[in-house]
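Following: one structure in structure tokens, then a few remarks.
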Amino acid sequence: MLLESLRQQVLEANQEIARRGLAPHTFGNASGIERSGGDALVAIKPSGVDYATLSAADLVVTDLEGRVVEGALRPSSDLDTHTLLYREFPEIGGIVHTHSEFATAWAQAGREIPCLGTTHADYFHGPVPVTEPLTAEEVRDGYVRSTGAVIVRRFREGGLSPAAVPGVLVAGHAPFAWGRTPAEAVEHADVLEYIARLAYRSVLLAAPEGGIPAYVREHHYLRKHGPKATYGQGGGT
Amino acid sequence: MLLESLRQQVLEANQEIARRGLAPHTFGNASGIERSGGDALVAIKPSGVDYATLSAADLVVTDLEGRVVEGALRPSSDLDTHTLLYREFPEIGGIVHTHSEFATAWAQAGREIPCLGTTHADYFHGPVPVTEPLTAEEVRDGYVRSTGAVIVRRFREGGLSPAAVPGVLVAGHAPFAWGRTPAEAVEHADVLEYIARLAYRSVLLAAPEGGIPAYVREHHYLRKHGPKATYGQGGGT
Amino acid sequence: MLLESLRQQVLEANQEIARRGLAPHTFGNASGIERSGGDALVAIKPSGVDYATLSAADLVVTDLEGRVVEGALRPSSDLDTHTLLYREFPEIGGIVHTHSEFATAWAQAGREIPCLGTTHADYFHGPVPVTEPLTAEEVRDGYVRSTGAVIVRRFREGGLSPAAVPGVLVAGHAPFAWGRTPAEAVEHADVLEYIARLAYRSVLLAAPEGGIPAYVREHHYLRKHGPKATYGQGGGT
Amino acid sequence: MLLESLRQQVLEANQEIARRGLAPHTFGNASGIERSGGDALVAIKPSGVDYATLSAADLVVTDLEGRVVEGALRPSSDLDTHTLLYREFPEIGGIVHTHSEFATAWAQAGREIPCLGTTHADYFHGPVPVTEPLTAEEVRDGYVRSTGAVIVRRFREGGLSPAAVPGVLVAGHAPFAWGRTPAEAVEHADVLEYIARLAYRSVLLAAPEGGIPAYVREHHYLRKHGPKATYGQGGGT
């Protein structure tokens, strides 16, 4: 079996999004990528399979174009979004898609999540962006691939870095989050849900539209991510 | 004992709505129907019995007119709604009634749930409809039977298909959901609660009234339900 | 030890309000009354004791004036409200006071809970009333006794029956609920919290101010409480 | 190992904030101070360590200037806020910082929590204050130390007593709470979250801006804290 270590990481990421309540029913999937060696290979959840019974052997392995390399089951219906993001965002190693409650509510409202506090600023550099709705042509040409395309366009046009902004809301749909590993993608999906929850309540309490001052945002983001990071037990790199 | 297999399915459906938190106290009931053989028979929860102690033998079996065929207990007080729906919607095999929190809140507000995202569009073809309030005459003529009647009228007048719209909100009351089996009815009741929850939050975040574009709605509904369904491990039927 | 059976019921009622999440911290208490025999006796939770360690022997027994008849601990600081309600509402046998989340939010907003649906109508005949705020004089003359007095005044002036309206919101404070037994008082406190939760969400969804039509309210209340009650397995009494 | 008893109290306080759901991820920390003996010593959670694996030996001991006296790990990145509060508020013995959901939502909205009911009045004498946002200079001069400084300034300028007002919201950030011991600080952080939750819902229900009358506020605060306290089993001191 190919990619035993990656399969294990992707299995745990899928189980973890269910365990954390981010993916009620089977509304969610996690994948990971192995970029070393020759051609990159992606491991992803099969479509519509219950998290409780999922095994590492059930995962589907595809190439970067989404062609199945190993696996008896049909891959997640969101595969084309995952592979496009892996092609366009070479710095990411894991992707998590959920329909988690508060992040999805923002996505359905078509609103980006403003940066209203340091919980947000510690993880996302600026607002959590929201895509444009897909056009009728994009839906016709392939809904799932186009979902990836509107995400990439939002990042390109906004000058956003996938490393500094580890997630996005797809308008009228739900969030995607990513990280250097599948486990980090889960962490970012979970934090995204928490900041969506905090911002929802703050907005209903009439939080100032502009959010926290830029100098606070920068300080918080950099204390966790810059060369002078001071948080945690790791070195400052 | 009649209908052992159906009783077991209905028992599990009743236990499941309690387990998923859809029916606090005894605010809820599930039924199923056996249409093969001669006359159709309905198995339903007895009235006011705790889910924890319910057994398959406690279920009440009635005919399509609600006459008890087997069972020592009084059937659910909502029986007449169930039997009317089974008579009028021949494609359904199970019905679940709950007072689940967010769906009931929409029903109490007398508002249909707009289709604001793909989570909704995957399961309901268009908004989740809400009935008209019962008139004084309808209440006097039989509250429970009239509840079924306003549901059927809403579907007839709206040109809605019970297969494509597997649930409804009864104004000032609570939701009903259905499916081909009791288990599918539970699944639809649970999804209905989740989309009610998402839509509630999106509306408070000022989601656009019109919801997602029709071409996205159609795409999502058809990817799970049409002849070209691409979701899950089943064939495209 | 006096009143072993009543002590056991009151102990279980206190444990149950904690178990159901109605009384975070020690914000809550339950009592019961024995009216048969000579003078009536009340058993109530001691003040500030944790539910987890509470025993039947810890409960304090007082007379209807609140004089301790048996018990080493100080009674709940809300005792004077309980005894006043027992004196004025002779039909009740148990009282539960909580600071449960949604009912308390309505009490803090100084708003009665409108009857917006059948979940409410099945248990409360009309809105859940809210008292007037206590005046400065009433606070000075005894906050706890005056709390009972404003409840009684609200019922007297509104022509409300404690049997048909088994609970109340004290403005700027929290709910009280009651029943024929301590267990029924718990049930009513729990239902009150659920209907407060439903109404909160419906009001944010712009539910009609007037609530459901009177003819639906009457039908639902009477199907559970009138001489022709049709709900549950009991007779129609 | 220094301060075994204090370490144990601080360990339990850190575990408790995780157990009560006040600190999702590692967004939170608790500390305690030993003021007897010569120089005061502070025990605090190390930075970024998971609550599940934390041991008493992992805690970091520092002096009142934040210099590490014992401990192999890096102290919480919030250390400078803790030490400043211990220097300025000599009556406190434990501090808890969380990003608990509702208190953080108020902090992000930049709003103090009005005193809308007796649950609040029993613990906080007046509104839960919110600080000014940090200025660009304060962020540059040391974000964490300045966080302590804006808290102290808010109390000085508002004439607030840390004993009567056992917590604060830092604008755009999150709450801090304190008490005579680490355990009391946890209790206050938990109550703060609950009153933030109640007030959020009451405000959405259009609670009166002014909150409860001052004479009710005073009565409730003094029944728990004044020389004539009547709550609980302790004497009136």
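Chains: A, B, C and D, in written order; residue numbering restarts at 1 for each.
Keep this in mind: contacts are C-beta pairs under 8 Å (C-beta built on N, C-alpha and C of every residue); 3 or more make two chains touch, one makes a residue touch a chain.
Quick caveat: nothing in here was measured; it's all calculated off a predicted structure.
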Per Cα centroids, the chain farthest from subunit D: B
Angular offset of subunit C relative to subunit D [C-alpha, multiple of 5 degrees]: 90
Averaged-CA centre spacing for the pair subunit D and subunit A, given as whole angstrom: 34
Rounded Å distance between subunit A and subunit C, as computed from the means of their C-alpha atoms: 47
Residues of subunit C whose C-beta touches two or more other chains: 204
All touching chain pairs, where touch follows the definition stated at the start: A-B, A-D, B-C, C-D
Parts of subunit B lying in touch with subunit A, wherever the complex brings them together: 116-119, 187, 190-191, 194, 197-199, 201-202, 204-208, 211-213, 215-216, 219-220, 223, 230-233
Interfacial residue positions of subunit A with respect to subunit B in the complex: 24-25, 27, 46-49, 73-74, 77, 99, 101-102, 104-111, 133-134, 136, 139-140, 143, 172-174, 200, 203-204
